[in-house]
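One chain, chain A, links the two complexes that follow: it is found with chain B in the first and with chain C in the second.
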Partner chain A sequence: MSETLLFLIPLLPLFCAVAIMLFGMRLPRLFAEVLAVTGVAGAFLLTLLLWPYADGEGTRAVLFTWLNSGSLDISFAVHFDRLAAPMTLMVSGVATLIHLYAVGYMHQDRDYARFFSLLNLFVFAMLVIVLADNLLVLFLGWEGVGLCSYGLIGFWYRKLDNARAGTKAFLVTRVGDVFLGIALMWLFALTGTLSISAINAQAATIPSGVTLVLCLLLLLGACGKSAQLPLMTWLADAMAGPTPVSALIHAATMVTAGVYLLCRLFPLISLSAVGMAAITAVGALTALYAATCAMAQREIKRVLAYSTMSQVGYMFMAVGAGTVTGAMFHLLTHAFFKALLFMGAGCVIHLAGDENDIYKMGGMARRGPGELVWVFLAGAISLAGVPLTSGFFSKDNVLLMVYTHPDPLYKIFWGVGVLAALLTAFYTFRLVYLVFAGDYRGSGTAHALPLLMRWPLWVLALLALVGGSLNLPALVGGHERLQHWLGDLAGRPVTVDHHLEWLLVGLAVVLVVLGWGVAHWRYARFRNAWDNPLSRFLLRGWQADAVVDRVLVRPFQAMALFCWAGIDRALIDATVVGMSTRMLSLSMLLRRLTTGRLSSYLAAFAWGFLLILGWLLLQLVQGGGHA
Partner chain B sequence: MIVPLGHVLIVAAILFVMGLACVIARRQLIMILIGIEVMINAAGLVLVAASGYWQQLDGQVFVVFLMALTSAEVAISLAMVVYLRRLRGTVVADEFDRMNG
Partner chain C sequence: MMTASALPQFPWLSVLIFLPLAGALICVLTRERADESRWLALATTVTVFGISLYLWFHAGDSSGAWLYYEDVDWISRFGIRYTLGLDGISLLMVLLTAFLQVIAVLISWPQDKHVPLFFALLMVLEAGLMGVFMALDMVLFYLFWEVMLIPMFFLIGVWGHERRRYAALKFFLYTLAGSLVMLIALIALYLIHGEQTGLYSFALSDLMRTDLSTTQEAWLFAGFLLAFAVKTPLVPFHTWLPDAHTSAPAAGSVDLAGLLLKTGVYGMIRVAFPLFPTVVQKSLPLLALVALIGIFHAAWGAYRQTDIKRLVAYSSISHLGLVILGLAAWDLTAWQGSILLMTTHGITTGGLFALVAMIRQRTGTRDLTELGGLWQCMPNLSAFFLLFALASLGLPGLANFTGEILVLIGTFQSHPIWAAIAMFGVVFAAAYMLKMVQGVLWGESKRTFDCEDLTLREWLVLVPMAVLVVWLGLYPLPLLKLLESPVLTVIGGMP
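Moving on to the complex of A and B:
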C-alpha cells in the first residue's frame, strides 16, 4: 500500500461518473445505480483504510505535474492531513447514504444516468476541494462543485423556474468565486507559491494590511459558496432541485466548503483580528437573518434551506472566534442532522403527494411508516440543540468560544448567536408540529416509500444523536477528541472555568425550552398562518431578492439598455445607416438623368460639344494673346 | 483654288449647325437621320476643301470612305426605322424611352 492510493479517493467517484455518463443509458438501470453507489462507498472505505496516513503531519502525494512555468510549479497533489481526513470521511460517508437514498428517490425518473453521473462528479469535485494540496487544485474543485450544483438544481429543467434557480445559484456563487480568484492571484504574487501549507508557513511575512484585505477576499469567496450575507439569495431557490441533491450539496457538503476553505487557511486569516471579527460578524448576522426567515417559510425545504444558512453562519462564527475545532465539529454534526432532515423532508413530500407546503401537511406519520416521525424528530432536536444531541454540543461549543473571546465586540456577536439559537428552536419545533401533529390537511395521494428511502435515515439519526461524542467537552467527562486529533490545526483551545460553562449550558437549555414552548403554544393545535406585513417580509427573505433586483439587476439592465439603444442603435447604427440612406437618395436623384429619351441624350451631346468648342476657343484666344 | 478656303469653311460650318439643329429640334427618327447626314456631308466638304488647299489627296480618299460609311449607316438605320414603325406604330424618337433609369 502506498500513498498514491490516496488518489483513488477522489478518482473513484470520477471514474464512476464518467462511466455512467458514457454508458449509463445503455446499461441496465440497476447497473448504473450500483456503479454510482460503489463509487462513493469505495471512496468511503478507502478513507477508512488509509486513515493512518493522516496521522502526524499528514501525507502528501503527487500524481503528476500540472503546470510548470518559471516559479509557478503546480502539481496535481493531495494532502491527507488531520483536517482533511474527517472531512473526507464525512463527505464520502454522507454521500454514500444519500446515494442509496437517491436510488430510491429517483426510481421513477428516466434521466437517472444524468442524475447519478452529476452526483458522482459532484462528490469527486468536493473531494478535490477537501484533499487539494494547493489552492489552484482547490479552485478546480471549487468550480466543479459549482457546475454540478448548477446542473442538479436545474435537473428538472423543463420547468422554467428550476432552470432559473440553477442559473441564479451559478451566477451568485460566481460573484464570490471572482473574489476568491483575486485572493489566489494576490497570494501567489506575495508568496510565489500556491501550496496551502507553504502559504500558511509564510503567512507571518505578509504585511498586516494586506492580510486584512486577503482575509476579506477569502471571506467573500467563502460567502458565495456558503450562502452567507450578502451572497445568500441563491440557496433558498436552490431547493428547486431533487431532494437528495438538497441534502448532499445544499446542506451537508458544498455549502460548508467555504467554512473548510477558511479552516484550511486559518493560520493566514487568524493573523488579522479585524478580518476575524468580520468573519464572525458575517456569520452572526447570517445566523440571525436566516433564522428569522425560516420562521415564516411555508415550504418544508425552504425552512431547511434557511436553517442551513443559519447553521453555516454558526460555523463562520466559530472560525472567526478562532476555533477550527468548533467550526469542524459543527460542520460534521450539521452534515449528519441536516442531511437527515432533508431526506426526511423528501419522505414527507413523497407521502404528501409531492406537496411542499407544510400548511397542507399534518399527521404525516400516520400516512406512512410510523418510524418516520422518530427519525425526523432525531434530526429536529439535534438542529434545535436539545441537550445531549450532537447539535447541542457543537452549537454550545461555538457560542462558548465566541463568548470567551477576549475582544468585547464578540459579546455582541454572542448575543446575536443566542437570539438565533432561540429562533432555531422555535422554527424547528414549528416545522415538526406543522408536519407531524394533528390531522392531514392536504389532498395529495401518498406515494409508497421504497425501503432504500427509509433505512439510510436510521444511520443518520443515530449519528445525529450520538455525533456529539466526536468532541464531547471535558465538562461532561468527554475527552474533546476532535480538538486533540486536530492538534496544532485546532486553533484556540477552550480555557474557561466550569461555572461559566454550566451557566451557558443552562442558558442553552432555557432557550430550547422557550423556543419549544412558544412553538407548542402556537402550533400544537393547527391554526392558519399569520398573514401580516412582517410575516410576508420574512417569507420573502427580507425582500433580499427585491433589493438585489433594485441595487444590481435594474441598474445593470438600464446600463445595458443604454448601451444597446443609446450607443449601438442611436449612435453607431444611425451613423452607418444614415450615411447609406443619404447615398441612396442622392443616387435616386442622379438616376433621373437617365431618361431613356433619345432627344435628351442628343441635347446633352450637343451641349457637351459646345462646351468643348468653347474651351478650345478660349485656349485659342489665350494662345493668340501670348503670341 | 477658285473658291477661298475660308468661304468653304463658313458654308461647311453653316451646314453643320443646320444639321445639328435638325438633330436636336426634330423628334422624327427620319429627320434626325437626315440631320446626321447633313452634318457628315459638312465634314466631308471640309475634307475636300482642305485637300484642295494643301494639294494632298488624303482628304479626298477620306471622303470616299465617308460616303461608303454613310450609305451603310443609312441602310441599317432606315431598316431599323421601318422595323420600329412596324413594331410600335410610330417613329417619334421620344416614344422609345424604355431604357430610362
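Moving on to the complex of A and C:
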C-alpha cells in the first residue's frame, strides 16, 4: 500500500496550512515558519523518494470516493506519472526555496500566520492540479490556486487597491474556469468518465468538430490561469502581492498550470489541427504583446510580470507546435530563472527602501551585497536567451519546433516568436541597466537583507545557468533527456538536419546581441523614460483594462442596475404594491390590519390557532385508531 | 403505500411535530420568563435534532418504500387521513430543519422583546416545517403549509427591523395568494378524483391516480406550481424575499433562506410533479427557462445591493434558480445535485445570515459603503465570513460546489446548452460575493465600534456549520446514497 504515500505529497502542505491557520497566531513565530518550510520541503523529499513510482505507466492511488451518482463516479485519486513527476519536483522544490526566502522577506510582518498558511495551501492546491487523476479533482486544485492567489495578492488588505487586484485576478481567471468547466461536462457526456487517462485513451472516438470546440474551450480555460490573451489583464495587477507570492504563484507555478493542463490532455487536443494552430496563435500573440508591454513598464515587478506572460506564451506555442517536451522544458527552466528574477527583484526593492520604480534605482549592487548583481544577471541572461544558459536552450527548442511544423501558417507564428525574442533581450537588458548601472537615483533607505533572502538565489542561479542540461539537444552532444523520459507523452520529436538547427541558433545569437546592443545604447547611461503616446499605450498594456471596462464591466453594472431598480423595483414591486393597495382600500378589515397594532392581535391569533388545533385533535381522537 | 418502519410502532414522526408544538405551548403559558423559555427552546430543538439523527441512523435500507410511515384515520367524512411518511428526500429536509432550528435558537439568544412568544413562534415554525416535509395527505400538507406561514409573519412583523410591517405584509400576501390558488386547485382535484372513482380521498397516493384531461392537468398544475414558485421563489415572484429578509430578525432569516424556501422546491418534488406527470414533462423547458433567467437576474440584483443582508437574499434566489434548473433536467444526477444543493445552501446561507447579524450587532450597520476592514479587528469572525462566502460562490472542496457540479453535469447530459449557460453563473456568484467580502473585510474600517471577536455562543453557532460546510464539500456521499432511491422513485428511473 505504499503508493498511498503519494497522497502525502499534496497533503503534507495541506496539514501544515491547516495547522498554521488554527494555531499559528497562538504559538511562537518560529513554529509557523518551521512548519511552513517543513510542509513544502517534506513534499519535495517525498517526491524524490517516490520517484520510481512514476516509471512506466505511472502509479495511481485512490483515497476515497468524492461523488457518486448514476454513472458518475469521482474519487480523490492521484496519478503520479512521467509528466507529473518532474512538475511535482519543480513545484515543491522551487516552493521550498521560495518559502525559505519568504521567511526572511516577511520577518517583520505581524500577519505571518495568514501568509504562510495561504502559501502552504497554495502549494497543496498546485500539487493537486499536477497529480490529479481526474478532471474534477484537477478542477478542485485549479480553483484552489485561484483562491490562494486571491488571498495573497490582497494580502496587505488594508490598502483597498490590493484587495481589488485580488478580486480582479479571481474574477478574470474564473471566466476561464467556466470554459474549463464546460469542457469537463462535455467530456463526461462524451466519454462517460472524467479520468484523464481514460479520456485521452478515448479521444480518437470523439467527432473531430467536437474535438475542435473542446480544444478551444480548454484553451480558454488555460488562458485564464496562464494570463494569455484575452484573459491576461489580471497578472500585472497581481504584483500587488508580496514578492515571494509573485515569485511562486505568478511566475513559477500557477501561471504555468494552463500549459500543464494542455500537456495533460495533449492526446486529445493534438487531434484538432485547427485547435493546435489556435493555441500557437494565442501563445505567439501573447508573447509579442506582453514583450512590448514589458519594454515600457516602470515598476520592476510589472516588467517581470509581463515577461512571465510572454514566456508562458512560448510554452503555449510549444504545445501548439506539438511538443510537450518543448513546453515542459521551457516551463521548468522558466520556473528557475523567473523565480530567481522575482526574488532578486524583492532584494532590490528591499535595498531601494520599498521603491518599485526602476527609474529611481541604479547602482543597486553597491547598496547591498555585491553578489546580488551576479545572481540577478544569471537570471537575466537566461531570460534573454544568452547562449548556453537554460533559457537559451528551451526557447530555442520552442522556436525550432514551431519553425519545423509542416503547416506553413506556423512560419508566421515563428516570425512573431522571433520578434518577441528580440524584444525580450531588449527589455531584459533595459531592466538590468536601469537597476544596476550608474548611480543610485532614488531616495529610499536600504533595508538589510537577511541571509535567508540571499542564499536561495544561488541555488536558483545555478539552476538557471545549467538547467539546459535537462534536455540538451543532440546538436551540442546532449541526450534530450526530458524527451526520452516523457516517452509516449512527449509529442512530436525533433527531426531536422543540423544545418537548419545551426542556422536558427545563429539567428538566436544575433537577436540577443541586437537586443542587448539597443539596450546598451539607450540605457547604459541613464536617460529619462521616453514619454510619448506609444510608450504610454504600452505602459498601460495596450489599454486592455479600459477596453474590458467599457465592453464588460460597465454593461455588467448597467444590467445589475436594470435588473434591480428597473425590473424588481419599478416593474414588479410597483405593480404588486399598486394592486394590493387598491385591494386594501376596498376592505375595511384589511385596512385596519395595516394601521392597527400588530402585536395586539397576536394573542387573538394564538387563541384562534389553538381553537382550530383543538378541533382537529378532537377529530383525530374521534376518528381514532391506526389504519 | 406500505408500512415499512424499521422501528416498533412508536410514532416518531408525530413526535417531531408535536414536541416543538408542546414546547411552544409551554413557552406561551409561562410567559414573562425569558431565560427559561430560551433554555426550553434550546432543549426542545436539540431533542428534535437528536431524534432526527436517530431516525437517520436507524433508517435501514431505503429501497422503494418509506423509511418511516404513520397513518391514522382522521376526518373520515371527507376522506382526510393523518398520514406522515419519511423517505430519503424528506429525511434530509427534516435533518436540515432540525439542525438549523438549533442554530436559530442559539443566534436568537440576545433577543429581549417578548422572549417567550418569540421562541414559541420559532417552535411552531419548526412544527409546521416538519409537517410539510412529512405530510402525505394533502389536507394535512396544506394545514402545515399555512401553519408555517403565520409564525414567520409575526417574527418579521413584530421582531423585525426597519420597514418590518411592509415586509411582513408583503410576505403574507404573496404566500397567501399562492397558497389560496393551491387550495382551489387541491379541492378541484379532490372533487374530480372523487367523481371518477367514487372514493373521496385527500391521500397523495390516491390523487396521483386521477385521470385528467390535458386542460385540467395544466390548470391544476399551474395552481400548485404558483404556490411553490412563490415560496421558492422563482422570478418574477421573488421580490417579497429581499424585503422579508432585510426586515426579519436573524433567526427569521436563517429559517427563511434555509428552510422556508426549500418547502417550495420540496412541494414541487413531492406534490406537483407526481400529481401531474404528463404536463410536467411538457413544462420542463419553460421551468428551465425561468430558472436560468432567475440565476442571472438575481445575481445581477445581488451585485447591485449595498445592504449585505439583501445581497445574500438575492444570492439565495440565484442559487434556487440552479436548484430548479436541476429539477427541470429530470435526471438522477441533476436531481441528487439539486437536493444536495438545497441542503448545503441552507447551511452556507444560514451561516452568512448569522454572521450578518453578528456584524450588525457590533457595527450597527449592514451597509457596504459604511463597513470595511473587519479582518483587522475581528479575524475569527472574518475568517468564518470568508469561508461561508467562498462556499456560497461554489469553491470546490466546500459545500455548495458538490451540489452545483452535480446539477451541471447531470443537466449537461440531456440539455448541454442549459448547463453551459448556467455555468456562467459561477462568475456572477464570484462577482457579487467577492464584492461583499471586499466591502466588509478588506480596506480600512470606516467607523469606530467595539472590536469584539466571537463569543462562546457564537463559536457554538459557527463551528458546527463550518464543519458541515467542509464535510459536505468533501464527503457528500452518505447524503447522495440517501437520495438515490427516492429520487429514482419520483423521476421514474433513468429517462
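The rule is simple: the second predicted complex is superposed on the first by the 565 of 627 C-alpha atoms of A that agree within 3 Å, B and C clash if a C-alpha of one lies under 4 Å from a C-alpha of the other, contacts with A are read in each partner's own complex, and residues count from 1 in each chain.
Convention: contacts are C-beta pairs under 8 Å (C-beta built on N, C-alpha and C of every residue); 3 or more make two chains touch, one makes a residue touch a chain.
None of the values given here were measured: they were computed from a predicted structure.
Contacts of A:Leu72 after superposition: chain C is touched, whereas chain B is not reached.
Touched residues of chain A, counted separately for chain B and chain C, are more numerous for C. Of the two partner chains, neither chain B nor chain C is touched by A:Pro406. Once the two complexes are overlaid on the shared chain, A:Leu136 sits against chain C while remaining clear of chain B. In the superposed model, A:Pro28 lies in contact with neither chain B nor chain C. Of the residues of chain A, those at positions 593-594, 598-599, 602, 606, 609 touch chain B in one of the two structures and chain C in the other.
Touching chain C in their complex are the following residues of chain A: 64-70, 72, 136, 139-140, 143-144, 147, 150, 154, 157-160, 163-164, 167, 170-171, 174-175, 177-178, 181-182, 184-186, 188-189, 556-557, 559-565, 567-568, 572-573, 576-577, 580, 593-594, 598-599, 602, 605-606, 609, 613, 616, 619-620, 623-627.
Contact residues of chain B toward chain A in the complex are 20, 23-24, 27, 32, 93-94, 96-101. Of all the residues in chain A, the ones that touch chain B in their complex are 591-599, 602-603, 606, 609.
Partner chain A is touched in their complex by these residues of chain C: 9, 21, 28, 71-76, 81-82, 114, 117, 143, 150, 154, 157-158, 165, 168-170, 173-174, 236, 238-239, 242, 297-298, 300-301, 303-305, 331-333, 336-337, 372-373, 375-376, 390, 395-397, 402, 405-406, 408-410, 412-413, 416, 419-420, 423-424, 426-427, 430-431, 434-435, 438, 441-444, 474-477, 480-481, 484, 494.
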